[in-house]
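Two complexes follow with subunit A in common, the first pairing it with subunit B and the second with subunit C.
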Partner chain A sequence: MHIHKFEKIWLIFGVTTLLVFLSVIGVSAFYLGNQPPSCLATINPEKVDTTAPFDKPGLNKVEGKEWDYELVYVASAFNYTPGEVEVPLGAKVKVLATTKDVVHGFNVAGTNINMMLEPGYISEYVTTFDKAGEYLIVCNEYCGAGHHMMSSMIKVVE
Partner chain B sequence: MNSFVEKIKKVDPRDAKLGMAHFYVAFIGLFIGGMAGLLQTLVRSGQFTLPAGIGYYQLLTLHGVVLALVMTTYFIMGFQLVSVSRTAGTLTNKQRNTGWVGFWLMTIGTVMAAVMILLNEASVLYTFYAPLQAHALFYIGLTLVIVGSWVSGSAIIMAYVAWRRKNPGQPSPLLTFMSLVNTLMWIVATIGVASTVLFQLLPWSLGLVERVDVAISRTLFWYFGHPLVYFWLLPAYMAWYVVVPKIIGGKIFSDSLARLSFILFLLFSIPVGFHHQLMEPGIDPAWKFLQVVLTFMVIIPSLMTAFSLFATFETFGRSKGATGLFGWLKKLPWGDARFLIPFIGMLSFIPGGAGGIINASNQMNQVIHNTIWVTGHFHLTVATAVILTFFGISYWLIPHLTGRTLTKAMNKLAILQGVLWAIGMTFMSGAMHFAGLLGAPRRSAYSEYGGAAQAAEWVPYQIAQAVGGSILFIAIILVLYIFINLAFFAPKGEEEFPVGEAANTTEKAPMILENWKLWLGIVVLLIAFAYTIPFIDLIENAPIGSKGYKLW
Partner chain C sequence: MAQPGLEKKTSTKVEDQSSLKGTLASVFLLGFFLIITWVGVFLLFVNRF
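Now for the complex of A and B:
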């Protein structure tokens, strides 16, 4: 099979760029720890309200961990508990969330906190809230007739 | 081989009838789905509410099912069947009848699913994620669509096998080869969605089992969901590689490389579904990354395709005496809708492809996952690159099949349609991309989210989407007008089914490219490599399953 000289140059350039790009993603994921939320822990979706830490939704201070707070959410059609929460500026927070019924989304709009909530699974993401302001949480996976009403609010305060 | 192809220039009327049956359904689907899309953009502008108790998500389900599953599948099956008939010879009665059986199975299934959507028994969107539970007839309908497409696909496989038997040691005609690759990919990919529907969702919706494993179901869906987009794309590539060179009067840059790029798509389209599941729990991030790497392998055949197309354009332009770096651009037939409309599609695939690279990168996906950016993305790829190419194909294929011609007036109207599409989509898709970066969710009705400041920022973009959506709907009306003209009213005559020839006819494509044991073997190995361990993990660590919910 004959490959034109220019096409060879083009493909070598393209494949090299691709390898560089994949290396950047790989180093970011495995060396810098920027992995997408991939928690492997499971939970009984029918017993969420009595299972720790989801029995105490909201912001909970924790000791002896890599993060200062755990921010716990329980999602169900069509709301999040808590509906509003205040987080101190600069706090390192582990966000934990799960759903009691169908699949929901959990996106803190305009940030990198974006996770799928699936029945039976816990989703978590560690982040630092380093900018004050109001952050809207929206459900970004279709969950039923009230899907677009499903939201919550994080207020990052000094 | 070439002399053989030269002899059969026209699709046999009996095969043409089979093709047209597919196109009637596809264009009815375009009207219904386009209408739903227009209404959605109007609702999201906040200025309009749906009448007569129609639900937004009911409409959205209709839009997705009718356009993403029905319209595309019908057009592709019709196009592939007539392409095989044109290049490998008229279908035998057995092959044609198989095609008809496939057509009717798909049609019965489509009607069943559509009725359930209209009765509001299946407002689960076209991805039908469990544990939202639709009526069993919706799942049965979708199963029939897929089984029907397998039957139609087997007609293509039979025609290919018959041609190879008649022409031992010869590479198959390029369009037939490409139709076959796409059919094989479709069959391997749809096994995933068929499995979740038949073994999980259907028994569960019938009440035979109480619970369903959500993560497994989603994984099986996305095993199908990504090759689905390549199933849409490859027929467009068929037109770009083989038809467009002939339309402009040029040659196919390289027959062998075109085949090689299709084989690479076959290999790397399927073991990549996790890049749609990057934000999901229950899947180890190392496996997600592996599939991200495999996802990016399709960039190689995409680069090959881009090179070939523009090499064809430039070679043609220079053969007409073009000089300078870009002089050849002036020699292209810009006034010919059969060229211009697919060309607009090619251009839209540049930002579309770049957006796809962003979407499949684990970290960047976190910014845009399930925002309306994603909707903007696939309206550039499938709803511009692919669909405009399908329209461009229709403008010569419909009159070819009906024994009519594309008149100058219709050609002008077709150009207007393409330009309107480009303008409308720039507004709609552009606004979707920007709003998505600000966090606006996809698949959501209009909402002020309790007066949140962030949600207010999204509204101007939503109004821009409605403007774009309205322009697109006008373009759809034009397409339908042209389609009806070409099917029933255009003057009788001979419209060419353009099939390009390779620039170098002495170079025979390597026969290894037709060794399906080899390629399907590699496909199976890659799938096993990418999926076995994470799939076993999902089963072994599965939480208790979910009961069904009907929350609409």
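Now for the complex of A and C:
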């Protein structure tokens, strides 16, 4: 079979690009341990308020874990608990969130924290808050009549 | 006697069709566009927390 020289060039170029893209995803998943926010952790949606750690929403200091704090959120129509929280700059935090009723969104605007909260599932994201400022949390999954008023605030302070 | 004339015609046609310079240029244009946008989104992801 005859393959034109140019065809060889763009085939090699295309395959190499694809391999680079896939390797980045592979390293991210299997070496760095990145996973979807909702990854097999479940909860009884009717007993959220009495189930740890969701019985104490807010920023909680933890010992002996890879992260220093756990930032716990409970979402329900149409608010987040807590409504405002202060996080020290540079803290390594695990954000845990779930919903008591319908599907909600959890998007910390301007960051990579963007999760879907589904009844019965816990969404998690581990990150280091290394830029001071105010970060608005908005619901980006339509959840009902008050969807547009559903918000919360994270203040990263020194 | 008719054969030399036939050969000439076919050889010129094949040469015209086999020029892939334009195709090569458009493939790389699209390729670099994809790479630049991919790298842009990736940098955005890496620089945010």
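Annotations for the structure displayed:
By definition in this document, the second predicted complex is superposed on the first by the 144 of 158 C-alpha atoms of A that agree within 3 Å, B and C clash if a C-alpha of one lies under 4 Å from a C-alpha of the other, contacts with A are read in each partner's own complex, and residues count from 1 in each chain.
Keep in mind that, in the parts below, contacts are C-beta pairs under 8 Å (C-beta built on N, C-alpha and C of every residue); 3 or more make two chains touch, one makes a residue touch a chain.
Note that this is a predicted model, so its numbers are computed, not measured.
In the superposed model, A:C39 lies in contact with subunit B only, and not with subunit C. By the touch criterion defined above, A:V15 lies against subunit B but remains apart from subunit C after alignment on the C-alpha atoms of chain A.
After superposition on the shared chain, subunit A has more residues touched by B, the comparison being subunit B against subunit C. Of the two partner chains, subunit B is the only one touched by A:M115; subunit C is not. Of the two partner chains placed by superposition, subunit B and subunit C are both touched by A:H4. Judged by the touch definition given at the top, the superposed model places A:V62 against neither subunit B nor subunit C. In the superposed model, A:D101 makes contact with subunit B only, not with subunit C.
When the two structures are aligned on the shared chain, A:A132 is found in touch with neither subunit B nor subunit C.
On subunit A, the patch touched by subunit B and the patch touched by subunit C overlap at residues 4, 6-7, 10, 14, 21, 110-112. Contact residues of subunit A toward subunit C in the complex are 4, 6-7, 9-10, 13-14, 17, 21, 24, 110-113, 127-131. The residues of subunit B lying in touch with subunit A in their complex are 55-57, 60, 123, 125, 129, 131-132, 214-215, 218, 253-254, 256-257, 260, 277-285, 288-289, 292-293, 296, 299-300, 303-304, 307-308, 311, 357, 361-363, 365-367, 369-371, 438-447, 449-450, 452-455, 504, 507, 509-510, 541-546, 549, 551-552. Contacts from subunit A toward subunit B in the complex involve residues 1-4, 6-7, 10-11, 14-15, 18, 21-22, 25-26, 28-30, 34-46, 77-78, 101-103, 105, 107-112, 114-123, 134-136, 138-149, 151, 153. Listing the residues of subunit C that touch subunit A in their complex gives 18, 20-21, 23-24, 27-28, 31, 34-35, 38, 42, 45, 48-49.
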